[in-house]
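Presented below are the structures under discussion, each in the form of structure tokens.
First chain A sits with chain B, and in the next complex the same chain sits with chain C.
Up next, the complex of A and B:
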């Protein structure tokens, strides 16, 4: 065998190994999701079977039907939970992104006293696990009378997300060359117009990704929500999952079905927005 | 169209002063180049004129109106950035028309002025492209087009050619000159490249460490540099400069070498003065291979060893050793020379310069 064909063979083999590696990695990531979907469609016996049944023997949509059947027939107030989740997630995301834009822009563009200290302080707040905050927050919220309200949860989520959105958006504004805003000002813009006409569109993809992250954090958050909400008027979908636990039993199938209902909007949103997360939009602005 | 006047213009960052109260009057339609090494304050000065940088003291007037505290948009200026600063999310057409859109111009007015600018700069074929699809030279032209469309009182250029390759730079330089002839605006052009400054400007302002060293026409700053710094900065290859001491009618160099004291300085120096002697490469040449200034009595003959030669075709740069340093000389109608060869050199001392060693100022009266 000459050198060239052995090199070719080696390259082909490496390609195969590479693909197997990728497949295993993707499997690890996707399997839990797939398992949830499967479990929502099969009877409890199969879910609990040992050794596990990989290929479902019978498929039914009973859990989904039951979920929407109303209280007493195995149903839970899924529409209300969904509404609560949506209101809380969207509102807190909008607020967190707005604050993140203002803060991120300030950190990216201005010099001020204690800048790095403030930035570090913001990041440090993220090191405290959310669950550790739940008890103090609980007491505080009770005193303030905002326990079990949309407002209370929105407030908590905004506080949770702001350091993150500031950090992310700061990075994207840094990538927008300063010259562009200056050129816009010379072209007749006020500082404010220069921001909206030039810097905002260019940092747009970054702001969108910050928004997705913030939204998903709120949408999936369980620990704080389970402490700070208790009634149908404020409980979010993750907390709603607990409705399937009774004193002695857990309805795994129903829980998985609700989980699927939860995942679908998040997945759809991410899919829609990720198309707009086009990188390299700023290429060509400056130099070559 | 407007005059620009800077009065005691000062910029401080905290306690550090970058620009030290400079005064400059620029006439209407004049092309002024600010040159100097990096960090000399030329870009800061330009940005202060543009309103992108606050001024710490002094005043700026454009067209007789003091604009110290006006935002950039109220100064009726336009600026071409070193990085071009084209808006990447807009097409060339939108880039050109952006200022008009912001000003709320009517659609047909906008189209007309964009078409005008695009015709001047030959951008018609590119109007629907985005900046990322353009080459460096094309981006440069769009940046200039965007400046023209505004029809400003003053054009500001901040090292506009420094991102282009050498050939394109020469080409764009000519275009800028043509453009100035066409639009007849006041232009302030910042560059670190003295060739650009010499070729483009009506007057050159040479800056160093936040001070103005000299203001003058290209001819003045070349022939009568006010300071040793200007002498070394303007001209390519640079002027040969060596320290010497005045001793009667002669200049004594560190190595002991002597040259006659140029006649034009005799009245301004006394024996024992420390001076810097300067001679341009054009004024030192292998005998018979140079341009004579006409004053044959001032030409001093001396035999010097050649260290290196750089043939350029029509001329050769000959490096000769004098006083322990390499002096560049320009040889016209070149003949082949070898390193180490001793040749008879002519030094045209009527064109020589002397500067005071301590102040760096010219000793010419």
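Up next, the complex of A and C:
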């Protein structure tokens, strides 16, 4: 009897400790982001206040209005940066996925000599730190006259994304049973038709998530973009964020607002792909 | 050329190889060459002067470089180990949850959506000595009266950067390890329990070997872009105060673009590339080993 109740008490205590642990972990994860969102909506006076104001007294969207009303009002050209980011990210994603599909299919469906060597080689090109790669690219781009252009950055981002899209798409094609395509070929499809009508639709969701992953990589990239772009004509949002720190005083509220603008597309897209992403990474890698 | 018929996988891989050769391999060869010249951006003619290993020798004799190198390795060691441990802990916490696991999983992925530059900005804001959340909280709770100079004092700045780095990358480990935990069959655990294993023994000899390959996948992915710490440091401290948080990558950027000493910077960049490759190859081998071990059991 006594043993029973003490065991029950112990179990309940453990349950409470577990809940607190989980709550603290989630708080640590979410708080920084929430704080940014909150700060972007408060007047600057409240951000600077001493002693700190914890609960916002008034909510204002001034930071967002100022940001989108152009350079004249002390904002930065966010609309242009946004447009550059979008053009560069979408174009390079489309190209990288097309190349990645070809490569991923080759790894998933064919046996050839030096397969794992080629795979490791592709991955190694991805390990080159952006800043190290930016040195020769900077020099070459100046010579070729494509510095500070959309084209230059798109080219660099395609190369950045190809290894990873190959890895992901390889994994998704492996999940599609080989027999299906073979059955289609026996029924008279060519290999090309079997690919487009059987394998591609089945691997489709996975390929879509590889695309979103590639998009996010471009959307978030900073090291290369900061050196290969100079002006409003090609600067992307991450580089634009530094515009705020260029002056002597930092416009915290403005930076928070821009941060929110940057995070919203990323947030939505990641939410859509989360399930497939994990599946692709693990299946591609564990079952070799 | 008669009778030469390239194989299908070669043709399929050709575009990838062409792009990577053009944008990564050829430029890297160029930078390898220029690391043997005293090339400066302001003096283009120096590109054709060959000085052998002079750049490398002067780097090896440069104390600042070694400090940055050591600091980079230290940061990576601390960050990767803590990320692994915290990720494992987080994954096990979430796996235990009986209700709302979907929401918890989504929340857990939250930091992954932040680009490194945003992570850096966010923690620069939070660790600000005057208006930052951390100091405000500490002062309101009465833990400290004076503002702690987080980003102004060298060691504290290093800690702040490590915190930012760990916050942003723990999610990758947590998610992949959680995927491993969820994919794991339940029978071995029950069998271990019936046979009288303690929880620790069950974890050590049943769960961990199974989850290990997933942890190594996370490690491999992570080691592919360890250099993103550059973004975080660039915006948080820019290598300051007085070079106390200078990493290999910020040092390369400073030498190349602020000082214009491209030859020297390229030589340094080669050290950083070799460091990245060493990390990746190491974890890739571990992954392959773990994979064959698991493969034998499956």
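Here is the rule we use: the second predicted complex is superposed on the first by the 230 of 288 C-alpha atoms of A that agree within 3 Å, B and C clash if a C-alpha of one lies under 4 Å from a C-alpha of the other, contacts with A are read in each partner's own complex, and residues count from 1 in each chain.
Following the convention adopted for this analysis, contacts are C-beta pairs under 8 Å (C-beta built on N, C-alpha and C of every residue); 3 or more make two chains touch, one makes a residue touch a chain.
The shown structure was predicted, so the numbers you read here are calculated from the model rather than taken from an experiment.
By the touch criterion defined above, A:120 lies against chain C but remains apart from chain B after alignment on the C-alpha atoms of chain A.
With both structures placed on the common chain, the touch criterion links A:6 to neither chain B nor chain C. By the touch criterion stated above, A:255 is placed in contact with chain C alone, chain B being left untouched.
By the document's definition of touching, of the two partners only chain C reaches A:220; chain B does not.
When the shared chain is aligned, chain B comes close enough to touch A:197, but chain C does not. By the document's definition of touching, of the two partners only chain B reaches A:177; chain C does not. In the overlay built on the shared chain, the residue A:106 is in contact with chain C alone; chain B does not reach it. When the shared chain is aligned, no partner comes close enough to touch A:231: not chain B, not chain C. When the two complexes are overlaid on their common chain A, residue A:60 makes contact with neither chain B nor chain C.
Considering which of chain B and chain C touches more of chain A, the answer is C.
The residues of chain A shared by its contacts with chain B and with chain C are 281-282, 285-288.
Per the touch definition, chain A reaches chain C in the complex via residues 18, 21-22, 25-26, 28-33, 35-36, 39, 47-48, 50-52, 54, 98-100, 102-103, 105-107, 110, 112, 118, 120, 122-133, 135-140, 155-156, 158-159, 162-164, 166, 216, 219-223, 226-227, 238, 241-242, 245, 252, 255-256, 259, 262-263, 266-267, 270-271, 274, 278-279, 281-282, 285-288. Every residue of chain C that touches chain A in the complex is listed here, in rising order: 7-10, 12-13, 15-16, 19-20, 22-25, 27-28, 30-31, 34, 89-90, 93-94, 96-97, 104-118, 121-123, 125-126, 130-131, 133, 136, 139-140, 167, 171, 175-176, 179-180, 183, 213-214, 217, 220-221, 223-228, 230-231, 234-235, 249, 252-253, 256-257, 262, 265-266, 269-270, 272-273, 276-277, 279-281, 284, 287-288, 291, 294-295. By the touch criterion given at the top, residues 50-52, 71-73, 77-79, 81, 83-89, 98-99, 102-103, 130-136, 139, 146, 150, 163 of chain B touch chain A in their complex.
The touching residues of chain A, when paired with chain B in their complex, are 177, 179-180, 182-191, 193, 197-198, 201-202, 281-288.
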